[in-house]
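In the two complexes below, chain A is the common chain; its partner is chain B in one and chain C in the other.
Moving on to the complex of A and B:
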């Protein structure tokens, strides 16, 4: 718990920014998340402790992105590596947020933070220096696809922050790739603000190397008539948490989420989602899939909050889970908190093993059991993967990684 | 015709086969021999063990063989995995073909075909070569090319699923095909298409076992032998006129036969 000791004494972080000071102060009073809180009770203590064992790394070594060369027309950014960004096309502009804009926005966010729910955000902002915070303002249409990479460095804890403002009527595809290097921890926090009539297809692909850890938090605020589509996959982490908080600030917006986590060996990966409707006519369609093999542990906890003001909300949340081993563990808890009386809300959860009828059908056609299992798993993933905005030629590497034993 | 067939070695020999699932005996001593070029029909009430027999021959892991042997081309296959049986040339046409969402029919057919081709020491087909082969076979069952891009059996009508089974049979070129109630749920036109497909695929080197309740499939494909099953046993074997007699007299007639024996 090296980081926590340093936060307690506030020794290690030199030249901290005002934001870092605010967050460090908040953490100093209770430097660890409450293990009895709903968000943290299932978290593996020793793995979480491993996350905090590394020293903070403020300067990244040279980073080679694992994907092939950028597809034509794709804009690629690496958090921590970029100079001033000011891209202006015929119908669009992508500009870096000024320090004042960033500080103002982040301070507003911090003022609403809850110590338990936003512990990961507080830690991230305590450790992210100015260089590792990327803020973008995106405007226009026919915007080229954007890829944003975030990565840790071996034997270190890295903290990266991304803030994106999508302006009115903007429509964009954005893929975020979070890479955990061997024996490392990555704290990634992302803030998305969708202005009226804007739309984003957001992909989050997070994967690690040997014994890497990830705390990934995603905070989205949607103005009316905006559409937020999220496709995500998390795999190959010793310990990972994906915390999603989405607020439809005035309702009248659409949110589609398709997420997946794959755990093997003794890994623990969890997804926590909180979707709040703060106005009428909101729409949500969410599916989260987990696949747990060997002695691993996958967790999903989802909350949908529908207050009285959110009449005519239409929300659906489904958790589907596959247990591939007798020693693996899955915990899932989709839940609804509804006050409004004129809504359509449903939720559900299933936990099963590979479908034996499908397996026998494939085997009766000469397909071996491992091949049949692979085909069945691919079909299980397909619904999620097809929702992630990744061009087909980029999937070769991910496909290989997904099928690694 | 019979004597010509029997000069050859049998394709399939089921010898005094007993089997159970969850300690519940289902088959109680079934014997059946199929020679090249022969078509056998198995009839019987629901629950008499017809489908179980077909699944056990195909190697379904839920059933245990408690006695007897299954020999395919002279080799005992009791302990072979389902995929090994399929690769060596045993085909089971399912009564209820399984839907596999997310797996494209084309890819499924290609992987299956290549598994069989590999066993036969034939060159495996890439996507382009396979498309050519499958186009030709689609004609046999009058299926539209669009079915290939859909998920396996997902959203297919009952008739389309059965035609997809026969398409698989055509691609895999089995030595023996066991077709479990392939005629159920088919309208007259679809039945004719399926029957015509089966006839075109079968030849003097292959054997076919048709499991059915109705004479209408046997009007299209005339069997050499008809077996009647009851309570896990074959209680009567005859030629094609046995099916007609069964259609006329009903299964109560076979009950009397059991009592008499």
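Moving on to the complex of A and C:
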């Protein structure tokens, strides 16, 4: 764990910024998360240490996207491509946050970080230099859809940070793509601030190549009457963690989450979500799907916290899991912590394999077993994929998932 | 609009089993060390294997740490400030009920557990445990005719040492957890049940646990063995007097079911819960586990938890035998400053095993009620199924309800379903009932009873009535 040794001896980064200093200081006393804590208990230790085995990458090679070219009316940004962003359209503006704004916001966030819960964020901020932090302020309506890329480079650890402020009454579609190169680690932290009456359809597509690792953390703060919709899919990583923390700071907001993780071979992908309602009339609808094949391990842990102030909260959480092999493993733990009495909260979890009756029916109609399985899987995937803001004719995600070897 | 205070008043009910029996008792000195354990063992005239078992457990316990993962907050327990053995003084060995101190009989009578003639009508055999010892077991001759052994565990140690040696600690090993280790070291009494092959126990068996002394803990141990094709229904009840201090209760229950055997274990737990300010009350740390060893064996836990300041209890099933079945039905009611962290573990090891979990939590006042459960499908548990349902009801805006289900599957050819919901007493339903002329408190009581119906249906007749009454009592009160 090269990187940890460097953090301990404070040799990880040259010319560190103030934020990096603060985070490194926090990490130095206990550089690793507590393996016994609930959030890290199931994490595969050797895979996790593999994540930390690479040294930090200072220079990004040229980015060649395997992703289809932009269509008209789409804005594409790559974190780390050092260019000044200032887009002003008829009804909208997308501007880069000033260094002061960015520093102030990040410092505020760090002050309430917990060592175990926000370890990924701390590591990310300790490692990502000014170049790799992108801050955007989005305002207006009829905004073209935005695509933001972050990628790792082979044999290195890359850290990228994205901060987005959505101003009042703003409505936007944003697709975030995280790409893991062969033998690499990517630490991605994203911060979203949704101001009143704003709405975002956020898509997160993360996929890796051979033996790539990902630590993806998403932090969202919603003001009242805002709406946050997240569709996410993670696949093809040797080791990946997706940590979602959503705070409805005054309640009265809407959150929809549809996430999916697909593990094959000996991969381990986990999703941890924590949703806090700090005001009344909050709404949450969450579904998380996992598919585990071969010798892989899929994990989901979701917490819903409803304090006394959050009366009339309506929250539901569903974890659906498909276990397709005798050697694969699925762990799921949906949790409710409720103090308010006038609430509707429910959760559900299922683990099963493909429906045999349906397979039998299709086979009796002349469809072969592989085709029938594929049909079932596509309906299983479709619910999530249709929630990710990317049109099928541009990028057929379903096809990619079904035909991924 | 429901008047919140009204609902709160309704759930207040003074504890009616809080009296102390003034009886001369024999206590040993406070504290815990190897000498104390030797003394307990000596007092009970135990064979050497049991003393060794106790000492081994004690040494393990010394190295263990008190668990802190449960969603409970309580002041640290001083294990050296507890009396580990307390027994009502009796001059000679009792051979019949007539020789039992009338004060003791009176106590159990007052608790609604008559040990004398009357009880015969209800066809339930009772083992009554007072502090650290069993004082009487009824219907023994009748049971013996069928080959059923039902006695206190101390007697079983003397008369059936082979069975004890063979099975004790096989389901809950001494090193299982902190409280199980403590119990293994100092357990004083409890019940022992052995149902021979092919016998359906002719009557329900029942144990009644009473803590009387304020400074002694109760550490009972229950062992039930159901041989091939046998079946038994076992009931357990608990009460304690009101004291300002907290009393520790750490019990271990082990069930073993062989081929085609079935065990139904029901508990109505009504230990003293402490007063409105949370002073006093029993700390209830219990390890209950059943092992479905045989094919098609079945273990069913049903519990109604209404008492205790702290409840830490996870009756579990190890499903080893092919097609074995585990069930867990629970109602947990917490009020004032009570805290309960309860649930179950269903470990599916054998193929085609099935389990059902139904848990209902009701939290009122400032209480905290958590469901914590584990469902695990091992690699060999092909064709296994689990269904879990945990519902919580909140009364008042100070109470909290948590659900922590852990679900783990390593077997694709198995199915797990879990669902949970949280709600409160529906105003519409209350309004409807009241508009039909039903009193407010009766309406609340009806709704709570309806909420718990799935679980009450699983309780044996006598207990279902008692449980319903108990909840109604807790919910009845000063309205109007």
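In the analysis below, the second predicted complex is superposed on the first by the 400 of 405 C-alpha atoms of A that agree within 3 Å, B and C clash if a C-alpha of one lies under 4 Å from a C-alpha of the other, contacts with A are read in each partner's own complex, and residues count from 1 in each chain.
By our rule, contacts are C-beta pairs under 8 Å (C-beta built on N, C-alpha and C of every residue); 3 or more make two chains touch, one makes a residue touch a chain.
These numbers were taken from a predicted model, which means no experiment stands behind them.
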Touch check for A:85: first (chain B), second (chain C), both, or neither?
neither
Residues of chain A touched by chain B versus by chain C: which partner has the larger set?
C
Name the contact category of A:368: first (chain B only), second (chain C only), both, or neither.
first
Between chain B (first) and chain C (second), which does A:75 come into contact with in this model arrangement: first, second, both, or neither?
neither
For A:343, decide between first (touching chain B), second (touching chain C), both and neither.
second
Once the structures are superposed on A, label A:360 by its partner contacts, choosing first (chain B), second (chain C), both or neither.
first
With both complexes superposed on chain A, which partner does A:32 reach: first (chain B), second (chain C), both or neither?
neither
Please work out whether A:382 is in contact with chain B alone, chain C alone, both, or neither, and reply first, second, both or neither.
first
Just which bits of chain A does chain B share with chain C as contact spots?
none
Spell out the part of chain A that touches chain B in their complex, as residue ranges.
356-358, 360-369, 371-372, 375-376, 378-383
Once bound in the complex, which stretches of chain C touch chain A?
377, 379, 392, 394-424
Along chain A, where are the residues that touch chain C in the complex?
308, 311, 321, 323-353
Of all residues in chain B, which touch chain A in the complex?
58-62, 81-83, 85-87, 91-92, 94, 97-98, 100-103, 107-108, 111-112, 115-116, 119, 151, 168, 172
